[in-house]
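Let me begin by presenting the structure, written as structure tokens, before commenting on it.
Think of it as A, B, C and D in the order they're written, each chain with its own count starting at 1.
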Amino acid sequence: MSTVRRVGVLTGGGDAPGLNAVLRAVVRACTVGHGVTVVGISDGFTGLVEMRARELDLDDVSGLLVRGGTILGTTNRGNPFRYAFRRPDGVEEIVDASDTAKKNVEKLGLDCLIVIGGDGSLSIGERFWRELGVPVVGVPKTIDNDLFATDYTFGFATAVQSATTALDCLHTTAESHHRVMLLEVMGRQAGWIALHAGLAGGGDVVLIPEIPFRFEPLIAKFRARERRGRPFSLVVVAEGAAPAGGAQVFAGEDAVTGWKRLGGCSYAIAREIEARGGYEVRATVLGHIQRGGSPVPSDRILATRFGIEAARLAVGGCFGSMVAISGDEIVAVPLADAIGRLKRVDPQSQLVRAARAIGVVFGDEDVEQAASSEG
Amino acid sequence: MSTVRRVGVLTGGGDAPGLNAVLRAVVRACTVGHGVTVVGISDGFTGLVEMRARELDLDDVSGLLVRGGTILGTTNRGNPFRYAFRRPDGVEEIVDASDTAKKNVEKLGLDCLIVIGGDGSLSIGERFWRELGVPVVGVPKTIDNDLFATDYTFGFATAVQSATTALDCLHTTAESHHRVMLLEVMGRQAGWIALHAGLAGGGDVVLIPEIPFRFEPLIAKFRARERRGRPFSLVVVAEGAAPAGGAQVFAGEDAVTGWKRLGGCSYAIAREIEARGGYEVRATVLGHIQRGGSPVPSDRILATRFGIEAARLAVGGCFGSMVAISGDEIVAVPLADAIGRLKRVDPQSQLVRAARAIGVVFGDEDVEQAASSEG
Amino acid sequence: MSTVRRVGVLTGGGDAPGLNAVLRAVVRACTVGHGVTVVGISDGFTGLVEMRARELDLDDVSGLLVRGGTILGTTNRGNPFRYAFRRPDGVEEIVDASDTAKKNVEKLGLDCLIVIGGDGSLSIGERFWRELGVPVVGVPKTIDNDLFATDYTFGFATAVQSATTALDCLHTTAESHHRVMLLEVMGRQAGWIALHAGLAGGGDVVLIPEIPFRFEPLIAKFRARERRGRPFSLVVVAEGAAPAGGAQVFAGEDAVTGWKRLGGCSYAIAREIEARGGYEVRATVLGHIQRGGSPVPSDRILATRFGIEAARLAVGGCFGSMVAISGDEIVAVPLADAIGRLKRVDPQSQLVRAARAIGVVFGDEDVEQAASSEG
Amino acid sequence: MSTVRRVGVLTGGGDAPGLNAVLRAVVRACTVGHGVTVVGISDGFTGLVEMRARELDLDDVSGLLVRGGTILGTTNRGNPFRYAFRRPDGVEEIVDASDTAKKNVEKLGLDCLIVIGGDGSLSIGERFWRELGVPVVGVPKTIDNDLFATDYTFGFATAVQSATTALDCLHTTAESHHRVMLLEVMGRQAGWIALHAGLAGGGDVVLIPEIPFRFEPLIAKFRARERRGRPFSLVVVAEGAAPAGGAQVFAGEDAVTGWKRLGGCSYAIAREIEARGGYEVRATVLGHIQRGGSPVPSDRILATRFGIEAARLAVGGCFGSMVAISGDEIVAVPLADAIGRLKRVDPQSQLVRAARAIGVVFGDEDVEQAASSEG
């Protein structure tokens, strides 16, 4: 018989489509299914330290399934173990506020804290459980889909949809103007969005962090397409993609372009292709558009299932665990196993080989290979 | 060393988003990867009997990734084993045209025939291979997602997207007018679209063929929502859903309503809810809209991967097999194992239980259960 | 100097995308611009009779721009002049509740009542002003776009978008299956949605109430398309379209098909085309899907401008007037001039002639004309 | 009786959604309605100088209604009066190739040339007619909507849709993260897209070239929103927007950021807001995504009507004219009157005043005004 009566929930890290759907499912499952009260904590761990929280009932989460964002607010900051505390004199100092956070969990009367977040937030949650004994259940969140312990994360499919729609738009312009069009998508350490959107949007070249690229095969691909009467190409660039030899081949560029702010080096890549190939090139950085919007159906379903399972684990006292999807089943995995490990694209994987089989070039090919990839 | 030089491809059965993407992938993989020529056969097996075919090159499949439908045409008719042959005098007679079809495969110089279709077309393909020795590779297709041997089929996700978008539209109207809104979606024998769209679109009631329903729990759910200040509800009805006791409870209705043409009995259900509950009810039959439109990204990718693998199997001489997806891997399964078996929704499955956990009513609940499903 | 301090607002008649955007604009313009309080009345005139109302502030209307429906609720019933009053003994009787409604306006302290609705609601509003002296400002609403005194109404463009998207979906299926596909859209008395969606979605035949049709030119058009290698066609049918001679040519059908519930006679038309032309025909009734969803940008803007102008008129004391759009300017027109008159499609208009110029058939052509409309 | 038997058509300048729909309408109207042959010229005036052209029939334009881009190709270069001719030795020289172009019109047997393009292409067309006597009919095209002689141009509504969708996405992220989000949209000389998308997407601040802005009112607006419990804001920036005092207030930035390539100064604006207001700011440049994609229904209709009227003018011998829309009517205007004049946003217009009425800040307000714009 469960003694859990009150469950807290917070969202941490970057915004992702489906966060609100998780919150809705947590509240519905707790309230309707388990008779448990849910307390929403504002702005991630910051709100826990600063004791900003309110109860959430069915009315609060009505209509959330279709809405992007999180009604709780979220932030990339606010690690209680290294908390940026602003003193009355305005000076900021880094303090350990984890004890305050723990005490606030008690003050709020929470029997469990559901942490919805990426690797950073989940790692904090794991320490709360392991070091401080705060009962924690984790829900993984990253639009990059690079968390190790789950096959997929909600938000990813919506980000792929946004990127694919953008590619569909750029395709007609590329074709009409005989241009090379670059689209930079998210993925600092893993190229999942670029790979999926590249396949779905008909990208001719896909550049991902896992496969350092050279410019020669790219130019060879463009030339081969020209010869086949297609004097235009689409290049999908993950934020973290870099040429073989490292991003330092662009050294000195940073000062000139300022593109670091945006994450990736697609402007530098665009210029290099113009210089080497004589093409008219245009680069677009999709940016935060990928984080927003109404989640696609599969993300709504995944987020809902994660929320339901997190409620079940919380109520059932399975603390220190994280929900995940494996195949088509929602499962629980130890938080400790889930954090600190990246799931990256395997260059030998079936999906990458499939892309190559229909002619997608990743930039690690021989020039001849790249040329023959186009018919 | 493969001796396959020429591969035929045809599309059979109902239209599905992603068919063109399969064709594109088959042609790209065969042409670019294997140096093999592809011959497209028009209008399914009918075109094979009537010898309507043409070679497909890269230009023919350019731009197909985003386009619904099939450039080859498709039909639900034309089984060569029971071919409706129209004699010069206009009389139609049923003949066995399988030998003609086999000879046409030879005349076209095909070393393998890729059959993209549902259970009907794949069964014909299997007989071609087993009985006639025609080398066949199958690609499964059904927007209903009810084929046994594969986790998913392309077109399903797009159909779910269309149904979810429709639910999003109906939701605001239901809410504004305090109505019960029904949406009938495809699924004559399996309720996958209804279940997924119901979860993604916030359906309050989901009626599927696998779970015979009674009206009492439905009314109880509506009443419970009313009490909670939500005097409106969304009901998702699969085409094949029927009340406990069978569709004959509507006996006599057929002559009056003609809804059989549309497949399901949602108009009859709507009337019954009006009569029993005193609600204003509106029913919409989404119909063929679910079959069309540009495929969503995941369907484009799945269709592409199926096409690539079908090309590989064809060129590699793995005849009598069908491509499928298992987890995240594309695999080959024997055609004989794939046909004649339905994959239906398991009422005890995790997904159904998840839906119940957030309050979705399937109509097999006790009245009290249904009432308490709403907060 | 305005003495208006408190403005009421209600939404009446059928749901339309943009209603919420009007409410948001009214509240923002009144509150921010004029320092005036807004009171929202629930469920149209019913809520006025039953005194269900609440103040609306900026927070209440936050996020409404993108949401379909109306947060106030709406109904097609509730005419105060003929109010269906349910007595304690359960018997319903029709009473004149207009005096009650007027008194409630006073009780609520309203200096003006903004009525957002179609011809029915606006006519009631006009009587309130003319007969009872209640200060009223009208905002026209109909997705059918058939209100006389304004060039356009919000919701229409969104409905056209929904219908066009449906046509885009049906197009690929029609083409793949060599079928005639019918889409029935709203428009009982005016064919604006059918005409616009037909043009935007590439309809081959458009049937509207303003142009009685015969089946012969339709069949001639289908035949001509077949001869040109296009054995499929798209037919857009307005709900109110009827064959020359009147809907009674379908007499007796009603009992058999029950399609009257759905509004139009597209099923009957479909069967007739099957019978006369030997085509495989499928009909889809888009129905309430057209009323919902997030409004398209132009509807959001039009709704916003209407709301702003209604606030200005209310605060400025310009009672008895209705906002409208003429060209690109928002204007005020007398309510009395706006009601009771339909804006219908002129068969001789430039838009209809344009449609004919690219081959669209309306069903009033000679058979030869219709045949030559296709190349 | 018309003696026009053969009409040429070319597309010039930047890509715009609807170009293909114009081509389809020109071909359908000419072929079906007038029995006139259409010749498509590739890549704008370049194709005319280089004599790259082909006849277009109904099959060539089938399916074009829904497709962005132009099947003819387009370019911003290739002015025949100042033609960049590449000599055999590789040196490029500027020559007058207008005589060659004129002769090619004759060689192709064209009785009229339909020029679809922006101010640049139309100006060339006008000189062709006035100076060289080549019969020309113009069709205006600009997604910026800044052509003087027509109320609207196709492509504009689709660009507004893309920008609004992006704002809808950014809105949830801004809200979840308490950020100021900037979206840069097209509009170098006129702020139409920014103004419309700003209204439709709920922008709090709209910066357009026609209204030089100061940072103080912007910060005041953000502060006022914070005080109202909305610590996030959306800023829509037209490419050509600049602070009062001119873009030179950012002088020196160019070298550092390289953002000039993208057109606007939104990165610089973002940094300035961060510096002055202490906000976390993110800027997204929508870029070429606005030029692509399937045209929205109203653009498909406008493009179709333009194409039909251009065909009518061409066949009717009304040379030297351009099609335009005035109110709801398609009209013809003299090319000479249409070119060289911009249609810019009037800061005193009803639309700008409407935006201000619901609290949109343009940056020219007093600080107090801006603050009180938010409730």
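Quick note on the criterion: a contact is a pair of C-beta atoms (placed from the backbone, for glycine too) under 8 Å apart; a residue touches a chain by one contact, two chains touch by 3 or more.
None of the values given here were measured: they were computed from a predicted structure.
Seen from the Cα centre of chain A, the chain whose own Cα centre is farthest off is C. Centres computed as Cα averages put chain C at a distance of 31 Å from chain D. Taking each chain's centre as the average of its CA atoms, chain B and chain D sit 42 Å apart. Each of residues 168 in chain C touches at least two other chains. The chain pairs satisfying the stated touch condition come to A-B, A-D, B-C, C-D.
Within the complex, the chain C residues that touch chain B are 11, 14-15, 17, 19, 43, 67-70, 73-75, 162, 165-166, 168-173, 175-178, 181, 255-259, 261, 267, 282, 284-293.
Against chain D, in their complex, chain C makes its touches with residues 24-25, 28-29, 31-33, 58-59, 62, 65-66, 151, 157, 160-161, 164, 168, 196-197, 199-202, 228-230, 294, 296-298, 300-301, 304-305, 308-309, 311-312, 327-330, 350-351, 354, 357-359, 372-375.
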